[in-house]
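Same chain, two partners: chain A is paired with chain B first, then with chain C.
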Partner chain A sequence: MPIGTFLGIAFDGLYFAALLFFASIGLTLVFGILNLLNMAHAAFYGFGAYLAVWTLNNIGDVTTSTVVLLAILVLAIPIVVFVLSAALDKSVFAPLYDIEPVYQLLATFGVILMLDDIIKFIWGASPISVDAATDPSRQLGSIELLGSSVSAYRSFVILIAVLCAVGLYLMFVKTKLGKISQAMSEDYEMVQMLGINVNRVRVLIFSISVALAALGGALFVPFAVAAPSVTLDYVLLSFAVIVIGGLGSLKGVVVAALLIGMVRSLGIAFFPAIELAIVFALMAVVIIFRPEGFFGHRGVVE
Partner chain B sequence: MSTRFPTFQNVEIRESLLNWRLLAAVGLFVVLALYPAVTGNAYHTRLLAWMMCFAIAALGFNIVLGYTGLLSFGHAAFFGTGMYTVVIVMNATGITDLLVLVVLAMIAAGVVGAIIGALSVKTHEIYFALLTLALAQLLYVLAVRDVGGLTRGTDGIGVSRPDFFGVPVSELSATVYLVGFYYYVILTFLAATIVALWFVLRSPFGLTLKMIRENETRAEMTGVPVLRYRLYSMILSATVVGLGGALYAIVVGHITPEYLDWTMSGEIVFMALLGGIGTFLGPVIGAGGFILLQELALAYTEYWHFTMGLVLFVIVLTLREKGVWGGVKTLATRVADRRDDQ
Partner chain C sequence: MPYKRSGLSRRGYLKGAAAVGAATTLAGCALLDDDIGDEGDVDGIPDEPFRIAHLTFESGPPAFYGEEAANAVDMLVDQINDDGGLIGEREIEIVDRIDEDAGPDSLISDVQSMAQEGDVDMMMGIISSAHALAVAPEANDQQLPFLVTIPGTYQLYEENPDMDYVVRTCGTNAAGAIGGVRMVEQMDDVETVMTHDHDYAWGHDHQEMFTSALEQVRPDIEVIDSRYTDLGETDYSAHVSAIADAEPDLLFSSLWGGDTATFVSQGVDGGMFDAVGEALLVGDTGAPLLRNLGPDMPENVWLGGRGGYQPNYRYDEDDGHQAFVDDYYDQYDQLPGWGAYHEWVALQALEQGIERAVSIIGDWPNDEQLMASMHDLSFETPHGQHTMRGPQAAAPAVFGRPTDDHDFPVDHQLPTDFEFIAAADVNPPEDVPTMDWVDEIEPL
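Presenting the complex of A and B:
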């Protein structure tokens, strides 16, 4: 096989890993720090995707500048969703923190159903896609990398994912918010006892997590359509990622996203019929033989 | 498992045979049996048949959740296996007898239950939920991609009407077949399932399952082989759910992999929870309520997912394991107590 094809597969795997990272990082943080297993997390990935298509298609009359379009995807949409999810955390999700994980799973399944219809109510049931005029991936074209041509936009997505992973790591290690979060994952009540407003930290962590999922959804759409099935696919994929990586581990998400990204990319190239089956088989094998995943039962950044 | 469900009232079987509950149940079955004959409404009959198939499935599902205390998110695998077995066996071997097909479907679902159960009973709580989800989804993906050439992928397979003990009832028109014959088959199976499970779950076997749910360590200490009993519970549950699926396959007449998808598992969980997983008959009420709610919501709005999601959310936060049926029972007890006080 030519080396170019192999690099292409590896690059696709990296791009897919970046998207999986965005879809699952918040899920694992909310579980690890706040003890909430939020099945509806991926619905915000789907919501981000719809919001991005809608914004890009409406901004076309004002500007088609690539920088502005990328800023919308990377900054504007996550900020909007951040504010929105802070409100949701105070209302819909607030009563869920104190109930058993099994009931959290069931209640948030209800939230998925609701969000699903809210999306359909706003944007309709048929898939929508970004217009060619405001599609940043077309504007950026492709670049030469190690002798093969790759999409510049996909490289940009991978770069943003790396920056977010590093940023989160630094946040947990260097900042006060990060330290408090780590302490909360160890002993919630003790942190409260020390006079720290855990509710404020909770809202911040939840909103950051949800905003990252929306960012992933927004970055995803120039190469794909926004459809109701996006949410349902990513619910399962993001659960596969956090289970394989170990629930509550930042490092686990990075490693598992890379693993699944590569497995899917290789699967699509060599075994297209069972590419998704490999992902679920991998998830099952990890739970059976190593339920704590690669990096589970440790702190968020250990 | 730390998730606690309330203990079931341990009524003596003999006592409970002659109380109002039994009379009410028999009355309900008489009404259900007479309904199609009296009204002749094919749409309602179809809806009732649909509800009863899912009532069987939800009852079967609750053996694992309500009685053994394990949340499975993979029961679509058993429901779908039941459905696919009917049509695959019918097309491959030419067997057209309804009972043979149903029994084979139950066996097939039981085997899948044994495999998924054997792989997953060692895990706990959310890991059990996620593992059953992953294994069932594996089956779904294989069915969608038509690996093995059995399922014809997303196109699905049409189901023809089976015969009954050599009587060529399949020659009847679709409506007459359902209203005049098949409806009663489903009703009989539902009654049989309720009676059988009532006795099984009150037998030492059923009590052992509850013991495992309440306190796994204590069960282990008293010499109960916990893992083996969990596996039995999965196999029994899968077999009953497979029965529901097999019966439903003939009602819908067309099978697609959607019935193996995790959203289907979610619907079965939803039905059991709506009716009340801490009660014996709750899942039956839940299946009926779910389908009724869905039909009503669909009639007035196209956004029925929202309605259903809201109902699920509220049920989890308020009634929990009691569900609608448990809630009604609590209310009835409270009213009776107040009357006694006066």
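Presenting the complex of A and C:
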């Protein structure tokens, strides 16, 4: 295989892995730390995508500066969603923390359907793409990398994913919030009895998680289109990621996202007809031989 | 007058007369009547408007065409009514607009309730071929006239040959797929081909027609890979890389609607169009795709498919076309695309059919006569005479290259350097099944 081909496949795999990382990292954190299996998590990925496409398509009269557009995607949208999800945590999700996982699954599945319909109600069911004038993916064009031409924008998305993964790791090992969160994942009641305001930590972790999903959606949309199918697609894929990586593990999400990204990319290159089947076959194999996933039962950053 | 209504050819007129005659014994008697054809003398024109239920995608990816289809129908119905209505006497009313996105089961129950209530004189529209295959036989069973305007599946009449209440005014997908083959037939420097289509009947049918026919007319060309993606796919990047990497001389695709816009845009981003020799996009592409892509359309692309439905195609030569494009632009600030053209052609067929029926029978046609009157019609459209063979049209194929160099008041590209391939070269002869013909197709 020529080196250019290999690089192309690897780049697509990395890019897809970056998107999967955003869609599933919060799912695993919320489960690992807060013990909530939030099926609706990746729906916020779709919500971020719609919020981004709407913002980009309405900002054309104000500015078309690439830096501003990227800042909107990377900062403004996650912050808006962060605030919004704090409110959601206190209202919709608060009662769900203390119930059985099965009911959590059912209840949060209901939340997906609600979010889906809200998206359709606001933005309609037709796919929406970003206007060419305010599309950072088109503005940035492509760059030469090791002799092949790759999309500058998608490289930027991969970079942001790496920064987020490193940032989260540092947050867990260096900051007080991170240390409390790790302790909560091991023994929730103990932390509560130490006099820590666990509710405040809970809201913070939940909102960070949801904001990361929205960030993924926002970064996804300039290169693709916002369509209602995005929500459910990524709900399924994010579950594949955490099953393979192990529920509640940051490292697991990174490894599983990379694995699925690469497998899918190779699958499309060589066996395009069965691309999805390969991904889910991989998940089945992991479930059979390692039901807890690669890094299950080990804490968030172990 | 909203657009030019060309006279019928004598042959078409007689064939139509025969069709209507076959449908009703009354017609035979009426033809002997000396008073026929004078609109003022027609008896029995119902007082209430002619009620149409319009089926189209108001949501989902195919709303790309559905929105235009609805726009065109609203505009043209107003224009027809401003002239007094059908044959200048009976206004049209769009009594309902049904969203195809509801799916075939829901559409079938809509058909049943419309037939039972009797509150609709005719259904028109529909975009999805899968929906057409489900809905048309049901409408026929319910004896509810159904003017099918956009779906191109060749199976519609091959699987349901005896539908007296169903007429289709668009060409079949053979025109797009085989039109593509006729284009490649002329290309001397093509040795390798890749295909990329939707992973359902429409895409697989195109792939099969295209590759089978290509093997017949250019056995020297090798189809190196055939790819499929789901309807509504959002990320084509890995396919784009694979295609770019294989560097085929030609990329053929029947992706349509919003998907073709996403695919092309990601293809541009991934350098796919630099790697392929030519791309041939036959999924009913043209103005709406170019509008969606802004300035990004690569140059080595042929756009088009069944019918010459491009706003700048024979615009100066055809007054009717010019009026349609200008009116549409005035009203909607956009140039009409595929969805709009198909509805325009359908409403012309309806007007001319009723005119013909009334002139023959001297009375407003009943449902069966109404549909029979559109059989074998022929009337002027941008691609010349649009010809119905029995109940369905045989369309030519028209392809063009995108260009910035045009005088239209829009900031996107439009096709140019048009290639026209006659209907006879892209459709099977009457009564020959499409795939049988494709398997033995002759080079031009």
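By our rule, the second predicted complex is superposed on the first by the 302 of 302 C-alpha atoms of A that agree within 3 Å, B and C clash if a C-alpha of one lies under 4 Å from a C-alpha of the other, contacts with A are read in each partner's own complex, and residues count from 1 in each chain.
Basically, a contact is a pair of C-beta atoms (placed from the backbone, for glycine too) under 8 Å apart; a residue touches a chain by one contact, two chains touch by 3 or more.
No experiment lies behind these values; they were computed from the predicted model shown.
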Check your understanding: If chain A is used to align the two complexes, do chain B and chain C fit next to each other or clash?
Key -> fit
Check your understanding: Which of the two partners, first being chain B and second being chain C, lies in contact with A:187: first, second, both, or neither?
Key -> neither
Practice item. Scan A:229 for contacts with chain B and chain C and give back first, second, both or neither. Key: second
Exercise for review: Quick one: classify A:9 as touching chain B (first), chain C (second), both or neither.
Suggested key: second
Check your understanding: Of the partners chain B and chain C, which touch A:283 in the superposed model: first, second, both, neither?
Key -> first
Check your understanding: When the two structures are overlaid on chain A, which partner does A:111 contact: first (chain B), second (chain C), both, or neither?
Key -> first
Exercise for review: Determine, under the contact definition given at the top, whether A:98 touches first (chain B), second (chain C), both, or neither.
Suggested key: neither
Practice item. For A:273, decide between first (touching chain B), second (touching chain C), both and neither. Key: both
**Study point:** From chain A, separation angle of chain B and chain C (C-alpha centres, steps of 10 degrees)
**Key:** 70
Practice item. Quick one: minimum Cα-Cα distance, chain B versus chain C, in the superposed arrangement, integer Å. Key: 5
**Study point:** Where chain A meets both chain C and chain B, residue numbers
**Key:** 120, 273
Practice item. Report the residues of chain B in contact with chain A in the complex, numbered from low to high. Key: 2-3, 71, 73, 119-120, 122-123, 125-127, 129-131, 133-135, 137-138, 141-142, 145, 147, 262-263, 266, 269-270, 273, 302-306, 308-313, 316-317, 320
Review point. In the complex formed with chain A, which residues of chain C make contact?
Key: 59-61, 63-64, 101, 225, 227-228, 232, 234-235, 237-239, 241-242, 244-245, 258, 261-262, 265-266, 269-271, 292-296
Practice item. Under the touch definition given earlier, write down the residues of chain A that touch chain B in their complex. Key: 37, 92, 95-96, 99-103, 105-107, 109-118, 120-121, 232, 236, 239-240, 243, 273-274, 276-277, 280-281, 283-284, 287-288, 291
Review point. Along chain A, where are the residues that touch chain C in the complex?
Key: 4-5, 8-9, 11-13, 15-16, 19, 120, 124-127, 129, 131-133, 137-138, 142, 149, 151, 153-154, 220, 223-225, 227, 229-230, 233, 264-265, 268-269, 272-273, 275
